[in-house]
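Next come two complexes built around chain A: one with chain B, the other with chain C.
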Partner chain A sequence: MTIIGRKIREGMTDVQLAGPATLAMLVLIFLPTVIVGVLSFTDYLFGASSFNWVGIDNYIKLFGDETGRRAVVNTLIYVAVVMPSSIILSLIVAVGIHSVGQWSTGAANFLRTAYFMPVVATLVAMATVWQMLLHPSLGLVNQVLASVGIPGQEWLSDQGLVLYSLAVIGIWETVGYNVVLFLAGLAAIPRHLYDAAQVDGANHGWDQFWIVTWPMLGPTTLFVLVITATRSFRVFETVATLTNGGPGFASDVLVFAMYREGFVYFKAGYSGAITMVFFFFVLTLTLVQFRIFEKRVHYR
Partner chain B sequence: MHHKTIKNGVILALLVAGAMLVLLPFFWMISLSFKPADEIFAPEIVFFPSRLEWQNYAKALSSVPLLRFLMNGFIVCGAILFFQILLAVPCAYALAHRNFFARKAIFGLVIAGLLVPYHVTAIPLFLGLAKLDLLNTYSALIIPFIASVFGIFLFRQFFASLPADIIDAARIDGLSESAIVWRIAFPLAWPAVSAFAVFSVVAHWNDLFWPLIVVSDPDLATPPRGILYFRDEEAGSDFGPLMAAATMVTAPLVLAFLFAQRKFIQGITSSGLKG
Partner chain C sequence: MIELENLGKTFGETRALIGVSLTMSEGSFTSLLGPSGCGKSTTLRLIAGLDQPTTGTVRINGRDVSGLSAAERNIAMVFQSYALYPHMTVRQNITLPLSMRTMTQLERTPFISRLLPSARAKMAENDKKARDTADMLEISDLLERKPSTLSGGQMQRVAVGRALVRDPVAFLLDEPLSNLDAKLRTQMRSEIVDLHKRTGRTFIYVTHDQAEAMSMSDRIAVFMAGRILQVATPRELFERPETREVAGFIGDRPINLIELASDNGELPAPFEKFAIGGKDIPARIVLGIRPETTTIDPRGALSGNVERLEYLGSEAIVTFRLSDKHVLRAALDASQRLPAEGERVGLRINLDAVHLFDAETGKRLRATLESRESASGNLESKVEA
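Then we have the complex of A and B:
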């Protein structure tokens, strides 16, 4: 067999192994990403036979018109509420579970499982449960509030409250995920650092937390921060199940606006522009995340 | 020492209280799913049903094809996972253990692909599926997800950690490359494969975005899509059966999680790269 013959055969094997996946990636991920970018500069409507180039009109509309801006601002508010709350809560819970783990592995495992449950549960189904809990007259939340004399609220139909109610569900859904990440970070802190801190006079848990735990958790915290932000930017299920972006666009967010404009109103061009803005936010965050991840790997 | 015991007790009590708060929606869902209607609509707080109202479950199963939704969930998740592995494993193997000119470029595509949330590709994929006349089919629910860059990445990292000796020995024994992929590398990659399977199934079982876009035929609805049909059809007033439906839709994954916690936590958090 000639060398050339063998090279061809080896090449065929490479194509056979890597070809299908590469082709699928190009057709299903990269080509569509380019197309949606191109569409965002047109007025294309689903089903239309032609379209016009409109430059950056779609983007101007998104940031210029009241409704479009609402979606952007609401998404940012949602992220700004969910991200810090979820991280602070999950850090507290993780430090607590870690300390329980020092004297009872069983109890620590049980707690971790409990906090992680919402992560695996079907969010749409759980959202209908939240709808019951937050129901203005029959809901447990308002009933409990009433029993201590606080007037009930219209959690999901009050324009000023709805976004924050959704954020609470978002926090509930993400805490367990972050707890697990923090627990892994805590387990990696060498025991002797705490002993050393104790020698230096840090006897209280609180001092030890600030001198050892917090600095050592730095990379994990950054990682959790970015992951929570990217996940929060994608908020869709709860909005689609509970509010449809209402009342009066008070809970409209980017992914839901993309869905509504594109697949309910068939404005593919405008929806494409919303997609690109959403993509820009997530891409920026993910690039930051990649850099952090690289650093973590290097320092290990 | 005594002081320490009290401190541990307080921490544990606070964590348990927090856990009960986190689990409250689950408890409430199951409690409501067994309550007779008059107890659901009672003005005072009733934590436990006075008797088990199995009618709620019967109604949830009879008024919409709930079993059909669950079956669709299994079919769609199973098919997605099957094709993802079928495509990703050989590619990951080639990237880790073969030397060819496009290797760097393909790995670059994988990394770049990790940056693209699937929502971004929705409009063009919808257009493509419409052109091919595939809307409202299982294919529309499956095809967009068969190229899992996360899967390729995960398997490549795993294969790269396999010693080259194993692969070389198999080559000397005369095994073909695809035999090495499926009979040697794939079984060894079981920890990565099972973690990926958990990640993939949880993501697609729970997804609403894509089924909402490409499927309007209730017979093809996946569980989350089905829940919305149910709620809208029942005009939002029949809460007991709705909660029974929510319980049945949530149960498969939650039960699987309780039986294989470590695997689930590993699988879901390993996706940190791609949230």
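Then we have the complex of A and C:
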């Protein structure tokens, strides 16, 4: 068989291996994205037989209109609260569980499972639990606060509080996943680096953390950063089940607005514009994170 | 001086170390030698303060160091995997132990360190020491590189540099050469010996390679199954192994260990022409015959068929079958005529160099192997084993 013949055969194998997934990705992700992108410049309504080109009107509406701007700003605040809190908290928890694991594997496994629970549980069902916890009069949170003399709050119906209440639920939801990622990262740190650090004079946990743990977790942290950012940008279930974007759009966020405009009001064009903005935010954030951190976390 | 007194270490059910006592004098080069899992690395970690012993004490210069951290003991360690910090340059790797010692937490904080005059002065001083060390190890041109861009030998030097830079009480080296290729290993061996001479510090060297231990150290402690079997100079260890295990472990070519029944010193065939001289000879004994102490001699007291011949250039390892049960491997000078496979030849063993062990306890016997025909003058001379 000639070399060219073999190359063709190898090429065919490559196509067979990567082809189906590539095709599915093109049809189910890239094509719809392009269509949505095109729709975002129209006034198309679902089910309508025609549409008009409206240029960037949908985008002007999103950023010019009070409601639209609200959704954008709320999403950014939500991400700004959830992303750093979740990462710092999960790192602390992971380091804690990791050191518990040094003397008791059972206890560490229990803690890991407990923290991972929110990830496997259906968020919609869990939201109901949170609704009960945060209920103004019956909720456990307010009762506990009352017992120590702090007045209860209307966690989900106070315009100033609702977004932060949702952010707390968001942190609770993402911490478990991040903890598992950080634990994997911690387990991969070679033990002898800690030995070396100890010999070199890093006696305290704090020194060892800065000399070994934190730098060695670099690649994990980058991954966690990207995952948490995209997950918190996508916040939807808690808003849909607990607040419906209210009160008065105080907890309206991009994906919920997208859903409302597209699937409740059938404004496919406007919904498309929201989708594109959402897409742009996530893509930019991810790219920036990779650009800034990739060189710093892989030590070459 | 580093003294270990009755050190024991238990991990759960496993007893990793049992009653280890050892004294390493100031400026000595001691090797801890043994197969993997024998407790030598555990001992090193106990000396370094990375682990705490279950029983016993470690004393450095007469002072009990139990409870002191690795850094407080001021001991330097070179790890098998080098354990360089991958995110730091070579320069940062070497200066780290200095800055951890000389600078306060605040002075070490990034950004702030550049503002504090005291921190700047210390950093400059540390940097100078690091450069001097790098010069000495000939790695000055690597200072700005990251460990991942270095070769094994270069990483090894950086690891040594990091240990050397702060003038420690003792250097602990944990199999530092085992990740290097054979040629580089021989070169680094002599560099480490040079380093020992130059610094005059106490070196404790863990290895499973008896050739490394023999060629580098003043004294060797042979470990097996958590215990020290023998502590001696390389020469003593080779010439008077205290147990059959030590005899089996030491020597470039494995020693022949031949187990025989002995009836009041009388030996069965094919050793019927020999007898054991001495009192309280046990019923079963082990003869330890080094391959290089056997020569071909038509008038020899032993004879055997050549079963296999491995030609190695300067010498040849020949396996002789003495009887159904026993074989004897001999290292013969390859410049002479070598026997052909299948040929039957007479063999002469150097009685001086034969070791006798109790087959049951494995301990060295105070006894000698004698030739029963020595009176006729045609065979081996009798010397105390």
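In this section, the second predicted complex is superposed on the first by the 257 of 300 C-alpha atoms of A that agree within 3 Å, B and C clash if a C-alpha of one lies under 4 Å from a C-alpha of the other, contacts with A are read in each partner's own complex, and residues count from 1 in each chain.
FYI, contacts are C-beta pairs under 8 Å (C-beta built on N, C-alpha and C of every residue); 3 or more make two chains touch, one makes a residue touch a chain.
Please read all numbers here as calculations on a predicted model, not as lab measurements.
> Will chain C clash with chain B on chain A after the two structures are superposed, or do they fit?
On the shared chain A, the partners fit.
> Which chain, chain B or chain C, is in touch with more residues of chain A?
B
> Touching A:283, do we find chain B (first), chain C (second), both, or neither?
first
> After the superposition on A, what does A:211 contact: first (chain B), second (chain C), both or neither?
Touch partner of A:211: chain C, not chain B.
> Looking at A:49, would you say it contacts chain B, chain C, both, or neither? Reply first, second, both or neither.
After superposition on chain A, A:49 lies in contact with neither partner.
> Between chain B (first) and chain C (second), which, if any, makes contact with A:180: first, second, both or neither?
First partner only.
> Give one of first, second, both or neither to describe whether A:193 is in contact with chain B, with chain C, with both, or with none.
second
> Pick one for A:97: touches chain B only (first), chain C only (second), both, or neither.
Touch partner of A:97: chain B, not chain C.
> Mind working out whether A:202 is in touch with chain B, chain C, both or neither, as first, second, both or neither?
second
> For the superposed model, what is the least distance in angstrom between any CA atom of chain B and any CA atom of chain C?
8
> Starting from the residues of chain A touching chain B, keep only those that also touch chain C in the other complex, and list them.
No residue sits in both footprints.
> Please output the residues of chain C touching chain A within their complex, sorted ascending.
45, 48-50, 69-72, 75-77, 79-81, 83-87, 96-97, 100-101, 146-149, 162
> Under the definition above, what is the set of chain B residues touching chain A in their complex?
Its residues touching chain A are 8, 11-12, 14-16, 18-19, 22-26, 28-29, 32, 40-41, 43-45, 87-88, 90-91, 93-95, 98, 100, 102-103, 106, 109-110, 112-117, 119-128, 130, 143-144, 146-147, 149, 152, 177-178, 181, 202, 205-206, 208-209, 212-213, 223-224, 227-228, 231, 239, 242-243, 245-247, 249-250, 253-254, 256-258, 261, 264-265, 268-269, 272-273, 275.
> In the complex of these two chains, what residues of chain A are touching chain B?
It comes out as residues 10-11, 13-14, 16-18, 20-22, 24-33, 35-36, 39, 46, 93, 96-97, 99-100, 103, 107, 109, 111-126, 128-130, 132-133, 138, 140, 143-144, 147, 172, 175-177, 180-181, 184, 223, 227, 230-231, 234, 236-237, 240-241, 255, 258-259, 262-263, 268, 271-272, 275, 278-279, 282-283, 286-287, 289, 293.
> Which part of chain A faces chain C closely enough to touch in the complex?
The touching residues are 190, 192-193, 195-203, 207, 211-212, 215-216, 218, 299-300.
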